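Same chain, two partners: chain A is paired with chain B first, then with chain C.
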Partner chain A sequence: MWRRLAANRLVLLGTVITVVIVTLGILAPWISPDDYAKQDLLSSLEPPLSKGHLLGTDQLGRDTLSRILHGIRLSIFVGFVITAISLFFGGLLGLAAGYYRGKVDTAISAVIDIFWGFPLILVAVLLVGALGPGLLALMLAVGLINWAGFARVMRGEVLALREREFVEAARALGINDLRIMWRHVLPHAVPATLVLGSYYVALAIIFEAGFSFIGMGVQPPNPSLGQMIGEARNYMLVDSWLMTIPGVTIAVLVIALNLLGDGLRDIFDPRLKDN
Partner chain B sequence: MTSRDRAESGPDSLIDLRGLSVELRMRKRTVHAVNAVSLSLAKEETLGLVGESGSGKTMTALAIMGLLPAPFGKVVAGEVIFDGKDLTALSDSELRKIRGNQISMVFQEPMTSLDPLFTIGSQIVEAIRAHRDLGRQEAKELAVSMLERVHIPSPRQRFDSYPHELSGGMRQRAMIATALILQPELLLADEPTTALDVTVQAQILDLIAELKSELRMGVLLITHNLAVVREVANRVAVMYAGEIVEIAPTERLFEDPRHPYTQGLILSIPTSRRVSHLHVIPGRPPDLTRLATGCPFAPRCPYVTNRCESEHPRLEPVSGADGHSFRCWNPQAFSRA
Partner chain C sequence: MIGFILKRLLYTIVVMFIASVAIFYALRVAPGDPVNAILNPTAMEQARAALRARLGLDLPIWEQYFVYVKHIFQGDTGESLLTGKTIPHVLATYGLRSLVLAGTALLIAYAIAIPLGVLAAVRRNSIWDQAAMFFANLGMGIPSFWLALLLILLFGATLHWLPIEGSGDLRHLILPASVLSVESLAVTMRLMRSSMLEQLGQDYVRTLRAKGVRGRRIIWVHVVRNALIPIISLTGLRIGWLIGYAVIVETVFRWPGLGYELVDSVIRRDYPVAQGLSLLLTLAVLSANFLANMAYAVVDPRLRKG
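Then we have the complex of A and B:
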C-alpha cells in the first residue's frame, strides 16, 4: 500500500503535506513561539520575517505563526472529529439498512433522505440560533448532514456485498448476522468509506473556515483560520499578509487532503491498479 | 397433500419436502419459483436435482436452508420436515443452529464463496466455533485434519493460505471442508462443479461421493449437467418451471424417461456418436410470473395435445416401476434416434 501511495508524485505530495500539517497542528501548544492570545499593541501589524515574529503580527500585535498553528489544530480537530463521529453513526445505520433491507432499510433510508435534503448552511444557522455561535453548533450542523452521506455510501456498498457469495456461504454455515457484518461485510466496505471520509474532512475544514469567517463559528480569542481571514479583511490594503497566510494555509491543507483522497481511491480501486 | 406424498416418506427418510412452494415477490410481479414440490431424501442417498437455469433448483435448496433472498423470497405453502421439525416454521436463530451443523451447502463459485480477506483456516475455524464450544487450538487441529481429508496437500501450510493463493479446485475442496467440518447429515451441493475444469470436476465429484459414504450423509446434488448426475446420483428429480416433472432411480430415468422434457434433456447430452448436431429443445422456459393453467412445458412440447394446454397434469407413478413418477398427459416411448 505504501509503495503504491508513493508511486504517484501528486499523491505522495498530498500525503506528505497532510502529515506535516497535521503534525504541526497537533504539536501547536508546544511548538508555538508565543501565546496565541497575547496582545502587544506596540508591535501590531508587523510584516513577516520581523524580529521575534516569523510570520508577523496582527492588528492587536498577536503572533501570526502561533495563531496559524492553533488555527490548524482547530481545523484538524473539527475536520477529523466530526468526520469520525459521523462516519461511526452513518456507517452503522448504513450497514444496518443495507444488510437487513426490507422495513429497516425503508425506515433508515427515509431518515437519511430527510437529513441529506437539508442545506448545510440552513441547519448551521438554525443551530447557531438555538445554541449560540461557537464550535458546538458548527460541529453539530456538519455532523447532522455528513452522517447521511456516509450512511448512503455504506448502504450502497453493503447492499452489493450482502449478495456476494462468501456472505451467503457464511450464512449457510450458520454464522450469526452480527459476526457476518463485522467480519465479512464491514471490512470490504472500508475502502469506499475511507475515500469519502478524506473528502469529508476537507469539506468540514472549509465549512468551519467559512462559518468562522462570517463570525458564527469559533469565537475570539480562540484562533481559527477562517476567523483570521475575516478579521484581516479590514486590513487588506494595509497588510495583505495577514489575510494571505491563513488563506494559503487552508488552500494547501484542503488540496493536500483531496490529493490524499484521490490516492486512496486509486489504491483501493482494483480497476485502476496498473495505471 | 395426497396419500402418495405421505407414503413416499419412509422411516429412513432424512428430509421431506411436502408441497413446497416458493414465491419471489417483487414490487410489481410475483415469480412462482417453486411450485408444490414434494421430495424425499433417504439417509445416505444422493438425489440429483436437474433442470435448466431458473427452473427452481437453487430456490428449493435455499428454501430448505431458510436462506431465500430477503426480502422477496417467501415459502408460501408446504413444509420441509427435517429431524422431526418443519424447517419453514423455525425462527432464524433456530435455523442458524442447523445450518452448517446438520445441513450444509456448497455453492457454485469456489472463486467467490470464500472471503478473500481471511485465510482458509480462519474461515473453517469460524464455522466450527459458530456451533461448537472449542478452543482455538482444538478447532485448528480439527480444521487441519479436515483439509487433509479433502485431499489438500500440506494442509498445515494451506491452513494459513488466502483464497487467492489456491486454484479453483483447491478452493472448492476448501469450501467442502468448511461445509462438512461438523459432519452434517445433509449436504446441499448447488452446482458444485460447474465452475471447474472438466478434470477437476471429476475429482470433486469423487471427493463428494467419498465423503458421503465416510460421513454417511445424504446429498442433494443440484446441477444442470445430466452426465454428472448419472455418475453419482441414486435417484434423479427433473425440475421444470418450478415443479418436478419426473423423478426416478437414476438408471431407470436414463433407460426409460417418460416426460418429453426429460427425453429432450437426455437427447441433448453430447455423445461420441452424436457430435455433428446437438439436439436442442425448442423454445424458452416459461415466464414464471404468469403460469398458464395447462402444462408449463406445453408450448415447447413436440407431443402437445389440447388437454395439455387446458389442464395441469399431475405427478403420477409409473405402474410396475417403483419410485418412478412423471407429469404428462401424452407420454411417448423414448427412442434415442
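Then we have the complex of A and C:
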C-alpha cells in the first residue's frame, strides 16, 4: 500500500504533508514556543520573523506560531475524532442493514434517509442555539449528519459482498452471522469507507473553521484556525499576515487530505481512477 | 413512476414533520427568552409574564407545538416577534435573495467548469489538464470565507471596484456569488473530466471515428452530451448544497439572505422567524434532493421502481 501511495507524486506529497501537519498538531503543547493565550500588549501585531515570534503576534500580542499549532491540534481533533465516531456507528448500522436486508434494512435505511435529508448547516445552527456556541454543538452536528454517509456506503458495499461466493461458502460451512460479518464481509468493505473517511475529515475541518469564523464555534481564548481568521478580519488592512497564515494552513491541510483521499481511492478502487 | 414520486413525497412529508418538531424543540430548550429581546430590560416581572402568556410561551413545549401547528393549518403563520413582519413575507424576502445568490453561483460554476472539464479530458495530461486539476484541488481546499476576505481586501479595500457587503444592485452580487461558486466549480470540473474520459473510452466513439466523423463533431455532439448526464443528475444536490453552504458566505458579505437571517434569528430567539426559515431551508434541500432523484430516474429507468 505504501509503495502504491508513493507511486503518484501528488499523492505522495499529500500524504507527507498530512503526516507532518498531524504530527505538529499532536505535539503542539510541547513544541509551541509560547503559551497560546498569553497576551503581551507591548508587542502586538508584530510581523513574522520578528524577535522571539517566528510568525509574529496578533492584536493582543499573542504568539501566532503557538496559536497556529494549537489551532491545527484542534482541527485534527475535530476532523479525526468526529469522523472516527461517525464511521463506527454509521459503519455498524450500514453493515447490519446490508447483511440482514429485509425489515432490518428497511428500518435502518429509513433512519439513514431522514438524517441524510437534513442540511448540516441547519443542524449546526440549531444545536448552537440549543447548547450555546462551542465545540460540542459543532461536533454533534457533524457527527449526526456524517454517520449517514458512512452507513450508506457500507450498506451498498455489504449488499454486494453478501452475494459473493466466499460469503456463501462461509454460510454453507455453518459459521455464524456475526463471525461472517466480522471476518469475511467487513474487511472487504473497509476500503470504500476509508476513502469516504479521508474526505469527511477534510470536510469536518473546513466546517469547524467556517463555523468558528462566524463566531458560533470554538470560543476565545481557545485558538481555532477559523476563529483566528475571524478575529484577523478586523485588522485586515493593518496586518494582513494575521489572516494569511491561518488561511494558508487550513488550505494546505485540506488540500493534502484531499490528495491523500484521491490516492487511497486509486489504490482501493482502480475502477474509479481519474475520477 | 407515479409510485416513485408518491414515495418521495411521503418521505418529504415525514422529514418535514420530524424537522419541525426538532427545530421547535431545539429553539425552546435553549437558554434565553424572547421576552428579554422585546421588552425593556427593566420591565417588571408582571409585564414579562403577561407577554409570555400572550405569546403562549408559558405552556409546556409540546402544547406550544400543537398551538403552532393548529395556527398554521388555520392559515395563521405568525409574525416576527421583533419586527412584526409576517412569516410569509420574511420567507419570500430572504428566500428569494438566497435563491438569487445560489442560482448565480451555480451558473458561474457550470459556465466555467463544463468547458474546462471537456478541455482537460480531451487534452489529457497536457498542461491544460494539469492546470485545470491544480485549480480544482486548490478550489476544493481553500476555505470559502478566507477566499472571501482575500477578495474583499483586493477588490473592495484596495482597488475599490466592488461593494463588499450588503445587497442591492448587481454589483453586490459579484463577490458573494463568485466565492460561493468556487467549490462547486472545482467539483464539477473534476466530475466533467472523469465523465468525459469514461465516455471517450466507449465503443460508440470508436465507431464514429471509423465512420469518418470529424473529431470535433464527435466530442461536442456525441461525447459531451452523454458526459453531461451525471452533472445534470447531480444538479439538484448541488443546489441544496449551495443553499446550505451560503450561510457562511452570506455572513461574511452580510448578504441578507436565508442563512444570514437564520443565524440572526436563532441568536435573538425570534422563534417564529427561526422556525420558518429553518423549515424553508429544509424544504429547499429536500426539494433539491427530490429533483436529483427524479433526474436519476429519468436518466436511468432501472431506478424508477425504487
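Definition applied: the second predicted complex is superposed on the first by the 269 of 275 C-alpha atoms of A that agree within 3 Å, B and C clash if a C-alpha of one lies under 4 Å from a C-alpha of the other, contacts with A are read in each partner's own complex, and residues count from 1 in each chain.
Everything that follows uses one rule, which is that contacts are C-beta pairs under 8 Å (C-beta built on N, C-alpha and C of every residue); 3 or more make two chains touch, one makes a residue touch a chain.
It should be emphasised that the depicted structure is a prediction, and the values quoted were computed from it without experimental measurement.
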{"item": "Fit or clash - chain C, chain B, common chain A", "value": "fit"}
{"item": "Contacts of A:R101 with chain B and chain C, given as first, second, both or neither", "value": "first"}
{"item": "A:W182 touches, of chain B and chain C: first, second, both or neither?", "value": "neither"}
{"item": "Which superposed partner A:R164 touches (first chain B, second chain C, both, neither)", "value": "first"}
{"item": "Which of chain B and chain C A:G174 touches, first, second, both or neither", "value": "first"}
{"item": "Following superposition on chain A: angle at chain A, chain B versus chain C, Cα, nearest 10°", "value": "90"}
{"item": "Chain B versus chain C as contact partner of A:F88, first or second or both or neither", "value": "neither"}
{"item": "Which superposed partner A:V254 touches (first chain B, second chain C, both, neither)", "value": "second"}
{"item": "First (chain B), second (chain C), both or neither touched by A:D113", "value": "second"}
{"item": "Chain A: partner with more touched residues, chain B or chain C", "value": "C"}
{"item": "Minimum Cα separation, chain C to chain B, after superposition on A (Å)", "value": "9"}
{"item": "In the complex, chain A residues that touch chain B", "value": "100-102, 164-166, 168-176, 179, 183-184, 187-188"}
{"item": "Contacting residues of chain A [partner chain C, same complex]", "value": "113-114, 117-122, 125-132, 202, 206, 209-211, 213-214, 216, 226, 229, 233, 236-237, 240, 243, 247, 250-252, 254-255, 258-259, 274-275"}
{"item": "Contact set on chain B toward chain A in their complex", "value": "65, 67, 70-71, 93, 96-101, 104-105, 107-109, 112-118, 126-127, 130-131, 175, 178-179"}
{"item": "Residues on chain C engaged by chain A in the complex (per definition of touch)", "value": "11, 14-15, 18-19, 22-23, 26-27, 29-31, 137-138, 140-146, 149-150, 152-153, 157, 190-191, 193-194, 197, 240, 243-245, 247-248, 251-252, 259, 262-263, 266-267, 274, 278, 281-282, 285-286, 289"}
